[in-house]
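Got some structures for you, see below.
In the two complexes that follow, subunit A is the common piece, with subunit B as its partner first and subunit C second.
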Partner chain A sequence: MLHRTSALVLTAVLATPAMAEEFQWAGRTDPQTMDPHAVSSAPVLGFLNNVYDGLVRMSKDMKVEPSLAESWEPIGDGEGWRFTLRQGVTFHDGAAFDADDVLFSYERASDESADVRSWFSPVTEVKVVDDFTIEFYTNAPNPLFPASIANWMIMDRGWTEANNAARPDKENGNFATLNVNGTGAFKLEDRQPGLTTTLVPNENWWDEAEHNITRATFTPIQNPATAVAALLSGDVDFVEPVPIQDAARLEASDGVNIIRGIETRTIMLGFAHEADTLKYGANAGDPNPFKDVRVREAVAKAINVDAILQTIWRGSAEAASQLVTPALSGYSAANAARPSYDPDAAKALLADAGYPDGFGFGLKCPNDRYPNDESVCQAITGMLAQVGISAELDAMPVSNYWPELRADNFDMYLLGWSPGGSLDHEHPLRFLASTPNEEKRLGSWNFGGYSNARLDELLPSILSEIDPAARQAMIDEVTALYQSEHAYVPLYTQPLVWGTRDNIELTQRPDNFFILRWVTVN
Partner chain B sequence: MADLSTSAPTKPGRKGRWARFADSDFFYSFKRSPVAVVSFTVTMLLVLSAVFAPLIAPTNPFDPASLNLMNGFTPPMEPNAFTQESFLMGTDDQGRDVFSTILYGMRISLFVGAAAVLFAMVLGIFLGLVSGYFGGWTETIIMRIADVQLTFPSILVAMLIFGIAKGFTPVEYRDQMAIWVLIIAIGLSDWVQFARVVRGTTLVEKNKDYVAAARLIGRSPWAIMIKHILPNALSPVLVIATISLALAIIAEATLSFLGVGAPPTQPSLGTLIRIGQGFLFSGEWWILFFPACTLLALALSVNLLGDWLRDALNPRLK
Partner chain C sequence: MLSFIIRRLGQSLLVLLVTGLIAFSMFRFIGDPIDNMLGQERTIEDVERLRTQLGLDQPFPVQYYRFLENAVQGNFGVSYRQGRPVSEILLERAPATLELAAVSGLFALGLGIALGVFTAIRRNGIASNFIMSASLIGVSLPTFLIGILLIYLFGVQLRWLPTFGRGDVVDFGWWSTGFLTESGLKSLILPAITLGLYQMTLIMRLVRSEMLEVLRQDYIRFARARGLKDRVVNFRHALKNTLIPVITVMGLQIGGIIAFAIVTETVFNWPGVGLLFINAIQFVDIPVMAAYLMLISVMFVGINLIVDILYVFVDPRLRVDSAGGH
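Up next is the complex of A and B:
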């Protein structure tokens, strides 16, 4: 009987016309790891969304929708959230999915070794009710919690423990760095870090497949011009990002489509707030000037953001005043003004702070993470030199960049932040503005160690406040605080420019996540 | 081997050095070769304009304070839409004047090329003399290393050395050290040619009577090698050095193009071409075109000069 069934299946497979819809795509950054809890960066989380599932996921228009959880409801009067899990879901290796895997993934993702632990800062306790019900208790009412864990991906306890990967290891890596056992729409067929990563559809996926792909290959192409050439020649079907200078020409050429949007990412400069001395440049070893708010304000005033937008971005990016873009919830309209470009005022501030002749320091910058990142850093170096402070620019690939920042090896650095998950101002507040606190799992990307007691005090209330007006009032207060202290210098919001062959249909999500299951090859 | 001093008709009369040079076969063959004259002129023009770049260049592109980003992407000989400034060869994405940047970039290219060849030459001559004169194990080891190195493309060797050296340099010195590391990397990948030629000459010369005589009167091996044998090898070494210079300039440009050479704040010609390549599709052709032409002119003229030099110094090769 069993034999006959498999024979039937085989005939059915052979009978279907050979529609091998192979899909090749290229991006600028290779996902550093296949471990969904090890690195909280968009290239990693975006890629892994194709192979792993979370309890909830984001729809095409960035709304929360059920994924491994079929439904969820608040417990009592805001004590937490109860998730009802989907039944009959299996991991790629065939193991069944249940509440224990969720509990395990919570333990793994909230562990000290996990980069994504800030997501769970409000969580006090997780209780497995039965095999398909799990409860998350929070320290205060947390209306945004389900949305905030949209990128938290569920791993299999059995597989992970059997392969000694029960905890993520972002420094040295482990089995989960190169292998995947998720519940997602695609399975990892082959992974060669930095070269190619091949995905094939998961025929046992719990949801109905919208795509028609039979195999998809991702190749990182660091040089954007090379990626564009590959798209034009048809070597790849999709590239992201398309350099802004090439968009117009590609729009005019046959066989290629350009998809434009505004990303939810804000590009900003960060400072070493805590360091006692400068680490790089002509004044390495001297007391750290960036501790002085006047120096940080001088930096903000020295940078001509309009010129950057006008030339490097060719008018297609927007200036930023705060850590989130106007399109996101919690944006503080009351604090929409950004420091004006005023080099004379910047010089006066520097003189006032005791640096009439300026000083030398080091500026760290990625050169393959954000579009135009290195050009922008070079332009900033020039603008700062015009007010007398000379930055020694050190631009490096992103795989070296994050470790350098984590090791506090910077005086000033460039950072882009997109509030994946909750798409709310609270996200950067938690990750970037809160005082770093291992225990509370806060401030895990606040590399410079910015700290403001009032902000830390208000943050829990912002997270738990249900009344939108009261919540916004607190966010406005906090925004004014970090703006007046120039904790960061928000620069601009970058545009999303994707390029595809014209036989490809796909959906561009504003968080710049490329979701393979929405791709149709015609 | 036709030597410069012996081939010139030396008259006992007190003629000045310049007059004697102008009278020589060497200069005669130079005058008669249009390729030599043109390539020499182009090389000298480029070298001089690089040396005197601070005097010629309208701006100093290495001074970040002098840059105006609003000048970015100005086409050649057209006024910028915002600042109304006009530039001979246009500007790049940072608003840097391409003409000035080429002049300054050429300094780095020429300096790295020349220093790398000098380094390779000194190393190659030393190892060539030693292995040719002493023979035995010394020779076997040196020449086998040379053979192994010849099996790798020299650009790969240079990248390997550059990568290792960069790994050992403390981060804060990387930018300052990059140029020196580049010189050593290119030099180390290039010494074999010199060593082979010098070894060959040494093998021939060391059995000649004058060397035996020098040995008999008790001159030290080093004195014999450097004062007696080496001068015989100088003309082929000069030819190799000239051709190597062109190759070293290209090697530096290649490394910088790949992003492992000169830092972006101090662009050499290769870095400029790398930057320009990003704007090739979008119509800003001048950012790539002018540096690429300069590199072509420089490498080609030095190479042609080297070719002519080989013919002139070594007529047997004709």
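Up next is the complex of A and C:
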């Protein structure tokens, strides 16, 4: 809602009538930078998808489709990937796009100062074949490579170097932090960090425009009540996310539509697998019961996920059986069943494991990271108490939460995981299920230290297998493994709730990216 | 006299240093900024590297010392979130907060005095009693609730006024003003009322009780006995003598208005320094938090210092007991 004009052009601006297709939208978080390689976070990458393009992009139903690359094929028997680039594409400043820009963007995005450089850890060499052909060589066959770079955005070498932004600088910022020169469907007209960001259509975009927007303004509104009021009053056309408790009321009001979907993030419970003793609660200092698979299974059976979905989520979330949702590739349909709610069986398992009277322990939980995170933990605490194990709940803001988990200060914890990057089952396998290994960059979010030799052995083959059926067979095996060992207790998948004025048509993508080029204002 | 001012300056400086020290020792409890700055795919190695780079591995007195060292040279560091100099960001956000504070201050002063005088003169009227009771509600409701109620009524139901933001602004150099556009002025109304309501009721009650006090004085009775008109007695003689404490209180409240703008700015998404501070807390943006807290304490300490010095000028008795002994 904040437009800025200089005093000189004020009269001219006041005289211009507002155009019908101006689009105002509000989100929770301001993208902290306009540099597509500096920060790997959903608000930044989601926003910049509107102004920058990658070699490939995700379609409305999360399939990989051509973007700046018209086609791609494996080199030899999986030594890498060859991309054929689109011709006649120009950047917003008019400069022509070619393979050299791709090479430059690779160098920039894989630099130590780039947050996104892990996307390129399998890449050993990049070769420019000609102006519109480029080859990426990988250390092993990598069937997922094209999908894993869907958010890698291409910058212009000339513009970036001329403005001293050849490398990202997150700490001090540079020209690319505030300015954009992409090939995307929209151009950056005005950027005021934390306040408003204004986009206008790129008339020279290489693809056919589906939208009818003439100007779009984004405002971060942190207070959910303010955002809802702004949507109701028509001050904004689109708001995300809409608080769950307001969704039903908004649905009933005139002029507003609610769009619901299921996100890619799975919420789960994690255990201390490695710790020898409990750290919190009544039995602090005693041997760690969670090392026993029967105790972990008892926890899984003691939690009534359906009740959590009904009461806390009001029916808008879905129960989860594994570390990814059915919408993502690599989902193991063979292992779609989750442990049934059975408190008696849980008590029997606990007695069997030598805890007929239960025990006390500590449950760590964030209170501002995932929607309803603290309420879910409270519900879980109550459910566990019914089978005799009493959790001492410690909920805290997320900025305190990760340091606690990194320092191993938990017996059990709540975690959400969205497979950014590849959007495939391999992603949580690599980060959550693999034995932690700093050198190989594996298991960096596996705080509890879960370790399974067979899973570790199969992971490299899963990453490099080209044949989809053979790959899925291995993923199925690994999924069955971590499920039977109850490495984690997957709980549910979060819903996506967006609100729009009823004259707006748009597409909600499961990765929660808001893509402006799919918006129609009626 | 000079030694008094020097001593006060020294005390003010000490207060500032202690405030900063407390602030810095608190930052550790707000959390760790590193996780917000690095993505999901960071390694433990990246975490440690960035921590060293930002100097966060140092104990807080060292961090505080470094901050002071830079702050004295006018360098408040670079925001962790925005990657831009903090001084630049603060300067960009200050006009919004200052304009809001000025408007709500004027609103509080103007309406507060008017209503205070009215309720004092007609102390037993129905309207006065109604205003007095209504003001109790104004004092007891929390700011964010008043803000939400106003938004719901005037923004959502009646659609007279915008629900958030500052409207169109016009730039004069680094200063941006919302006073010159229609949408800018409309946007000011609700936040200014929300922010100034508490001060307004405070001034109203202060003016009323002072006025009642003054109206009992002999010189007022004497003025009435001389046959002066009510209007002259009430406004020329009574009100003038009422205003001295009001001005003192208001001076001290200016600081409060700017500091408490945080809540109002959050509710109305008002792009001022308060909103910046709230966002900084969530992101654990230590340079922004530190600069904001120092700025606010400099402001409070400064206002108090000026008031103290003014008292000395006004009240000669305070000059006698200075340390040297005349």
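Keep in mind that, in the parts below, the second predicted complex is superposed on the first by the 297 of 522 C-alpha atoms of A that agree within 3 Å, B and C clash if a C-alpha of one lies under 4 Å from a C-alpha of the other, contacts with A are read in each partner's own complex, and residues count from 1 in each chain.
Assume a residue touches a chain if its C-beta (ideal position, glycine included) is under 8 Å from a C-beta of that chain, and two chains touch if they have at least 3 such contacts.
All values derive from a computational prediction rather than experimental measurement.
After overlaying the two complexes on the shared chain, residue contacts for A:Arg191 are found with neither subunit B nor subunit C.
Looking at the superposition, the partner that touches the larger set of subunit A residues, subunit B or subunit C, turns out to be C.
In the superposed model, A:Lys291 makes contact with neither subunit B nor subunit C.
In the superposition on chain A, A:Ala225 contacts both subunit B and subunit C. In the superposition on chain A, A:Arg167 contacts neither subunit B nor subunit C. Judged by the touch definition given at the top, the superposed model places A:Thr177 against subunit C, while subunit B stays out of reach. In the superposition on chain A, A:Arg441 contacts subunit C only, with no contact to subunit B.
By the document's definition of touching, of the two partners only subunit B reaches A:Ala395; subunit C does not. Shared contact residues of subunit A, touching subunit B in one structure and subunit C in the other: 223, 225, 229.
Within the complex formed with subunit B, the residues of subunit A that make contact are 223-225, 228-229, 243, 245-246, 248-250, 279-281, 284, 304, 307-308, 310-312, 362, 374-375, 378-379, 381-386, 390-395, 409. Residues of subunit A that touch subunit C in their complex: 1-7, 10, 13-14, 30, 32-33, 38-41, 115-116, 118-119, 169-173, 177-178, 192-195, 219, 221-223, 225-226, 229-230, 232-235, 368, 397-403, 406, 418, 420-421, 431, 438, 441, 444-445. Listing the residues of subunit B that touch subunit A in their complex gives 63-65, 67-70, 72-73, 82, 93-95, 171-172, 174-175, 263-265, 277-284. Per the touch definition, subunit C reaches subunit A in the complex via residues 29-33, 35-45, 47, 53-54, 78, 80-84, 89, 92, 148, 151-152, 155-156, 159, 162-172, 176, 180-181, 183, 187, 266-269, 271, 275-276, 278-279, 282-284.
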